[in-house]
Amino acid sequence: MPSRFVCFGEVLLRLGAPGRQMLLQSPQFEVFVGGAEANVAVSLARFGHAAAQVGVLPDNPLGAAAAGELRRHGVDTRALATGPGRMGLYFLTPGAVHRPSEVFYDRAGSAFALADPDRYDWPALLAGVDWLHLSGVTPALGERAAAAAIAAAATARRLGVKVSFDGNYRPKLWEAWRGDAPGLLKQILANTDLLFADHRDMAVVLGTEFNEATTEARVEAAARAAFAAFPGLGRLATTLRTQHSVDHHALCARMVSRDGAVCATGSHEIAPIVDRIGAGDAFAAGVLHGLASGLDDGAALNFGLGAACLKHSLPGDFNLLGADDVAAFVHQGRFDVRR
Amino acid sequence: MPSRFVCFGEVLLRLGAPGRQMLLQSPQFEVFVGGAEANVAVSLARFGHAAAQVGVLPDNPLGAAAAGELRRHGVDTRALATGPGRMGLYFLTPGAVHRPSEVFYDRAGSAFALADPDRYDWPALLAGVDWLHLSGVTPALGERAAAAAIAAAATARRLGVKVSFDGNYRPKLWEAWRGDAPGLLKQILANTDLLFADHRDMAVVLGTEFNEATTEARVEAAARAAFAAFPGLGRLATTLRTQHSVDHHALCARMVSRDGAVCATGSHEIAPIVDRIGAGDAFAAGVLHGLASGLDDGAALNFGLGAACLKHSLPGDFNLLGADDVAAFVHQGRFDVRR
Amino acid sequence: MPSRFVCFGEVLLRLGAPGRQMLLQSPQFEVFVGGAEANVAVSLARFGHAAAQVGVLPDNPLGAAAAGELRRHGVDTRALATGPGRMGLYFLTPGAVHRPSEVFYDRAGSAFALADPDRYDWPALLAGVDWLHLSGVTPALGERAAAAAIAAAATARRLGVKVSFDGNYRPKLWEAWRGDAPGLLKQILANTDLLFADHRDMAVVLGTEFNEATTEARVEAAARAAFAAFPGLGRLATTLRTQHSVDHHALCARMVSRDGAVCATGSHEIAPIVDRIGAGDAFAAGVLHGLASGLDDGAALNFGLGAACLKHSLPGDFNLLGADDVAAFVHQGRFDVRR
Amino acid sequence: MPSRFVCFGEVLLRLGAPGRQMLLQSPQFEVFVGGAEANVAVSLARFGHAAAQVGVLPDNPLGAAAAGELRRHGVDTRALATGPGRMGLYFLTPGAVHRPSEVFYDRAGSAFALADPDRYDWPALLAGVDWLHLSGVTPALGERAAAAAIAAAATARRLGVKVSFDGNYRPKLWEAWRGDAPGLLKQILANTDLLFADHRDMAVVLGTEFNEATTEARVEAAARAAFAAFPGLGRLATTLRTQHSVDHHALCARMVSRDGAVCATGSHEIAPIVDRIGAGDAFAAGVLHGLASGLDDGAALNFGLGAACLKHSLPGDFNLLGADDVAAFVHQGRFDVRR
Amino acid sequence: MPSRFVCFGEVLLRLGAPGRQMLLQSPQFEVFVGGAEANVAVSLARFGHAAAQVGVLPDNPLGAAAAGELRRHGVDTRALATGPGRMGLYFLTPGAVHRPSEVFYDRAGSAFALADPDRYDWPALLAGVDWLHLSGVTPALGERAAAAAIAAAATARRLGVKVSFDGNYRPKLWEAWRGDAPGLLKQILANTDLLFADHRDMAVVLGTEFNEATTEARVEAAARAAFAAFPGLGRLATTLRTQHSVDHHALCARMVSRDGAVCATGSHEIAPIVDRIGAGDAFAAGVLHGLASGLDDGAALNFGLGAACLKHSLPGDFNLLGADDVAAFVHQGRFDVRR
Amino acid sequence: MPSRFVCFGEVLLRLGAPGRQMLLQSPQFEVFVGGAEANVAVSLARFGHAAAQVGVLPDNPLGAAAAGELRRHGVDTRALATGPGRMGLYFLTPGAVHRPSEVFYDRAGSAFALADPDRYDWPALLAGVDWLHLSGVTPALGERAAAAAIAAAATARRLGVKVSFDGNYRPKLWEAWRGDAPGLLKQILANTDLLFADHRDMAVVLGTEFNEATTEARVEAAARAAFAAFPGLGRLATTLRTQHSVDHHALCARMVSRDGAVCATGSHEIAPIVDRIGAGDAFAAGVLHGLASGLDDGAALNFGLGAACLKHSLPGDFNLLGADDVAAFVHQGRFDVRR
């Protein structure tokens, strides 16, 4: 039974070096389309849901190509408008072994960031929708984008559309315009049902440090603090990542609700990583799919973690795997060639 | 002292996605030539033997390219005829980490499958030959191919040409035409000297389950059952593969003969795998080389296992390494740059 | 405070197979510029020093391209002259798993090897310079190159320019012209301040075997023997490499001085290796940077080892990372995406 | 004012050699999605119309990729179903100078050709639609596809949906199943409003030779004969192509209606051609756009010819240019860089 | 006898589609470094002069790569500073046949445009220099860049450094900030010795239309008007381009001085064009080389035209050919393979 | 009725820049196998003849790859031995428009050039052979290669094997060792039946200038002089090439025999050229095929010219087209897509 999702956020182009080269070591960029919320939209569409992306792109071939790529993967792009401004870009130097990957953004002045928040007719955009998904990248882009995200969440709450919010705290973006991160994020969290965040995100929002002994305890404490601060909030979920090297991580996950907490069934070793970017978005999409499909919290979390793990095997920002692929990994975990 | 080998089977084109991408994630296919028996032929030619491929290809540029590629690697293609029908293709989505590689065949209606079994003049094709190599893929392709394989094995036995047969059980191919796998395979096994198979292959042929406690015991039991059922059969060899992840396997091997059994010297960790396809064929070619070169069973098995391991380091279906390369790995196992 | 370095040696083109293919498995070469001393020059330039390459290249597009590539990465190429002869090439088959990488040289008759040793005006080339860097590849190229290297070292010593020498013993090159390796190398070592070499290199030079129980002890003994033989020598440094497989090495390092010895802080696991070539040169450049920057021996060694480790993450012969990147790895070792 | 179009036909993958190489001269295929009717659909979508593709694709990654590519370019793929059978392929050796390009089809047994004609619910598929576009490729694929095309045209006529039909006579396809081309094509033409065909196509359908002195006269005579045979037919349009070499063609166009005939304004020299495939489909889409947009016959023909010319400048089967691009060429014809 | 040149302007990255594809038709950009003045600098360096680029780049890997590329081709980049702001980009859709190439700029907010004009110490930068080269792109980038260009020209005139100015009128850039093009350009022209411009450029500056019957007459009239308006101006040179199609242009050139005018020896047909971008800059560099080398006006113009023609044969913005290559074309015009 | 050919000469690797780039403008080489005589062998094999290549290659992966490539295209490589020395290379900068392609050889010290002429057992190699093909490149490589070519021709004449010789005069190769070109070439021509040469080649051999008014007359005079000097010579054939630009040539051909002369039917315009290298070898192979197949001189010449023209359409040194393709061009000259 597919659900209806709306994702709101900036669609970006990733320009990256091929192989494991340094940026422009050879004169070529591999291009992928991404953006935290668009990644979620693509994944949900691949899982069989009706997923629409809302936002603004420049009226040029780059914007058109980005929208086309979302459409290709099944996302409804009818609410992706065009407007003045440039295409948001980010540049990736893919890392290896002990050399971390490096991302730098080139998204200032983007059509999305410049868009008037009043141009979004939220009641119309959210009519008949089950879930609205937002992320902390959007309010970090500037006053206009923040206002739009806040309005979207408020309208959703008013209309009975559930709100999913992924913290995605990006200090550099906030610093660039000296935005009031805690103040703006609180306005979104006030209308959020499902929050993807860990203790560090919550520390930013609430101004509290979480110094419990273990990561699990810190996440638990942060969740409880969040529940206290935001009465409408129902769940907080997060992956827990250990980095042995750039190519070798381990991933587990935890979801806390008002009446309990679940852990994913075990931690997964991921090596060698093909592309780590978008794994958090794949996790969010997986958990959303699980909850929207009626799985219990534990099963939804495992599905989300499975999706996050599988994302590491794919070049690009999108998790292109279907729900069957994720389920096969979660339930069987067979690794030989399928013929 | 080189030996003379004839390999009979379908030559295929592999169309795969570059990097670790999904199929057609970007609009390009990398092409390799393969086919279980052709892989063995190439490997044997690289080991210095006279290896000929027998079969039928379409009379178009794809068929010509496939034959040319075999010739390039030293295989005698004079007995690769052309006939009506299409080129057999298979498509590969290369996997990574927890995402298994996926192969789907597009070989229905191929020139090889459509070829009249009477077109092969086996006494002429096998004159002066030491070994005939077949695999279970061929009878799985349909009545005609099965009849040809059975006739080849029978003629070989009659002429004193030793027969090597690699089980390669492919359920989907058999199901597509509801072929009588056990019945047809038995006719080949009746004339087989050296069998590459494990307990699961033998279960299909003999209709018996092998439930011994360990894999080694199951292989042993299956071999004994095979020796009982097929009086002409002399040896059964198999690799034993453990899959930690898509990129990390461990491989050992076992060969059972009527008067004993040998294990390879230790198991090899293989990570990160470059291309796992064709490893079984590299193993078969390695064992054949060992036996044909007068090595004892243990040394032949180690050589086969070494060849199988090294195949994982090479893109494509073929093991392009020479006998010296395999011997260097088996005997020294040095891993730094050779200058 | 940048220092001034002169590197003297042959600049080569590397022609390698893409991916992990065999040479000419597909009809393409990826090209990188390299050469033991040029690799050091590039790395030092990236670390912020003034690094000049001295040598001779052919007067053709290959020579021009090689010089251009050095210039691109910040090396001063004004002393890279042109002369009769060909471009030195080397061909690389990149290995994987259990299949070692293979290099073969095609540098006979190169413009560098043919260059008259008298064409180098060493007093002018070394005026105002802090360090001269040489390697054992140069004397191995033939009488003329050996004479030039010996003259360079002698002039440097005379002018108070410190001399760094990397053993880089290449038996095949010496054998090609039956050069007297010990005799010629001794003439360079007599004027060397900092020697990159291990016990095997010293065995060649001194004609002594070092059979101590551990590698550490052998290196220590070799260093002491070197100090005894060459009164001007101050330090001997080397990496210690363990090869688990072609893709997985472990690296630590040791530096011995007349009054002590230091070990790097721990050994680093490197997997999966992107490109191992040039790691030794990256180490030399790192140690030189450390010493030239006033670090103590331990810190300089750790910096060198960090540079060597990071080089494994980059395609090509050059270590393109900056001093900050190396310091970040040495001091923090964080592996997640930097945004 | 956009119109609504439905295109019915097989969607294919084109696998071609890169550059101007022979097929598999190097081991790679460049992949494009095509198919006569899908090419029209993409072009119409790019011109701003609502264009839907109807058909059947295999339920595998190739079928999914093909549908995704149509969606990417704005085609409505909700009526692209999946069914048993394989993906239709065609292989292209791109020609040059005096060496003609070569196409061979590998589409036997495709999901489209095997699809039961009853699975298409034409009244539903055509509800509210302005134009149905078909081509002569579809009935050439076999009895089932022919029946479906005939039913589609008949339903369209009955519902007042205009029918556009592009002759696209492919003798090899008809011969493969000995289909009654004239008989089946007549059933479609009986319900056609706008026919893309020349005198050779009409000769096949009507069994008459057109031997007038000039091509223009033959086209005129063929059109008049078609109007006589098919009372519902309103217009016949065709390009007229002269081939100076593989890379240099000249193109003009002619449209005949019951009450007159128009010629395009002049002939266009096209050199050097980038990719000629799909130019006829671009022409059909251009004429359809012109007529649907209310242009008179001459202007619609010029627009169609402009679209056809521009298609030659683009790799792949699709004409990806917008109506503004075509208009700019038709009305201004400026060739310098647009900044 | 090499001269010393300083070029001042923005260095850009060009991101273009491969082959003749539409932008992002496949997910890849080919990257070239360019910029009107940098193109001149590279060409002059290739002709053997000392050429330095002055400007500001962002302090990120893109800026570093751009500077490295200039250095690779022999340009002195010591006066290329870094500063706040982004990298200037432009996107190129390469055209073909009747489809014009399209460039769109993404350079707003670049480090160069944001740079404070006071940061350039022109007396120091121009000390000992023979020529300063500027173009009309720089003042079009905004108030700061315009002020810097004006100051540069004024300082040069004061110091006796000759000033070369290439009109390069880009209406879209001026419109973006409503800059007073005539007013600002006049301040540069007042100090210009050699002007690359045609009658359209002069119409913008002087506010006069030039309606003479032929292009030659209009250029002549514009030059005379320029000489009248700017007493220090010595010469005006321009190419005259006829566009038969996107791939086929014809090029001739004219230079007017106070005491006469010269035409290039004949017009050159250029087909098929590989890359037309940068041809004007190659012309400017060629004329500058000719004049700086003491050629008379006719020979300098022919050299400039030859350089412009040859640029069309090379991918990228730079003319990488040497003075000998240009001379060989101008004087011999042989077209067969040189061995 | 296929004939048996032996081609003797050096097999080379071509390393070229991709696209129309300068050498190493981007860090990649495209690799093709070539060599004047090997090109003829491949073409003859493609035309259906038995063609063997005789020569010596280095015992390394480059030599093995070159032999494999010949085998792939149907050439018998059993007489391609290995020996000491390096692989002969040549580097190609592909030209365009007015910029000529540039080749430089890097073949000094090759295994072929170093091979002892006594290692070729010509009576055995030529047993049962119809034609021996040689070219002027071989004697130009040095004393040993010259001796081998002279011995081959003499043995052939003695055994009744016809000798075909292609002048291919390469001044730079002769100058490198100051070889006596006229003296050595005469020894080969004394045993030649069919000579591919023009008046410039004959001027070198005979020391006479041919100053007739037209090229045709000069070729005629040169042929008559050759017939006078070499009594065994039966025919002289040559192409006549006009170069409008690097991308546009025109080609016709002429063959003179003792009793007459024939011209090809018309001249062919070739534009835009894909790859001109190997066209002369394609011509030689075409004429040889024609004569060996019993065509009259005119038809053989037309076939040769057709093959030469078609070669220009193909990347690489080899003409990969079959006899049917050539005949289709010669007899029909149709240029549209073949389906």
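Just a few scattered comments:
Every chain is named by a letter (A, B, C, D, E and F) in the order it is written, and numbering of its residues begins at 1.
We take it that contacts are C-beta pairs under 8 Å (C-beta built on N, C-alpha and C of every residue); 3 or more make two chains touch, one makes a residue touch a chain.
Chain by chain, the UniProt names read as follows: A, B, C, D, E, F = Sugar kinase.
Remember, it's a predicted structure, so these values are computed and weren't measured experimentally.
Following the contact convention of this document, A, B, E, F is the list of chains adjacent to both subunit C and subunit D. Each chain gets a centre from the mean of its Cα atoms; the one farthest from the centre of subunit D is C. Each of B-D and A-D has its own count of C-beta contacts, and the greater count is at B-D.
By the residue-number overlap criterion, the interface of subunit D with subunit E counts as different, with under half of its numbers used by both chains. One simple way to say how far apart two chains are is to compare their mean CA positions; for subunit A and subunit E this gives 45 Å. Separation between the centroids of subunit B and subunit F, computed from CA atoms only, is 42 Å.
Residue positions of subunit E with contacts to 2 or more other chains are 22, 27, 102, 104, 272.
Arrangement of the chains shown, judged by which pairs touch: all-to-all, with no pair of chains left without contact. Within the complex formed with subunit E, the subunit C residues making contact are 68-69, 71-74.
Remark: subunit B residues 268-274, 309-310, 312-316, 320-321, 325, 329, 333-339 touch subunit C in the complex.
Interface residues of subunit E, counted against subunit A in their complex, comprise 15, 22-24, 27-32, 60-62, 65, 86-87, 91, 93, 102, 104, 106, 108-109. Contact residues on subunit C toward subunit B in their complex (touch as defined above): 19-22, 25, 95-105, 170, 172, 241, 243-249, 272, 276-277. If you check the complex, the residues on subunit E that touch subunit B are 26-27.
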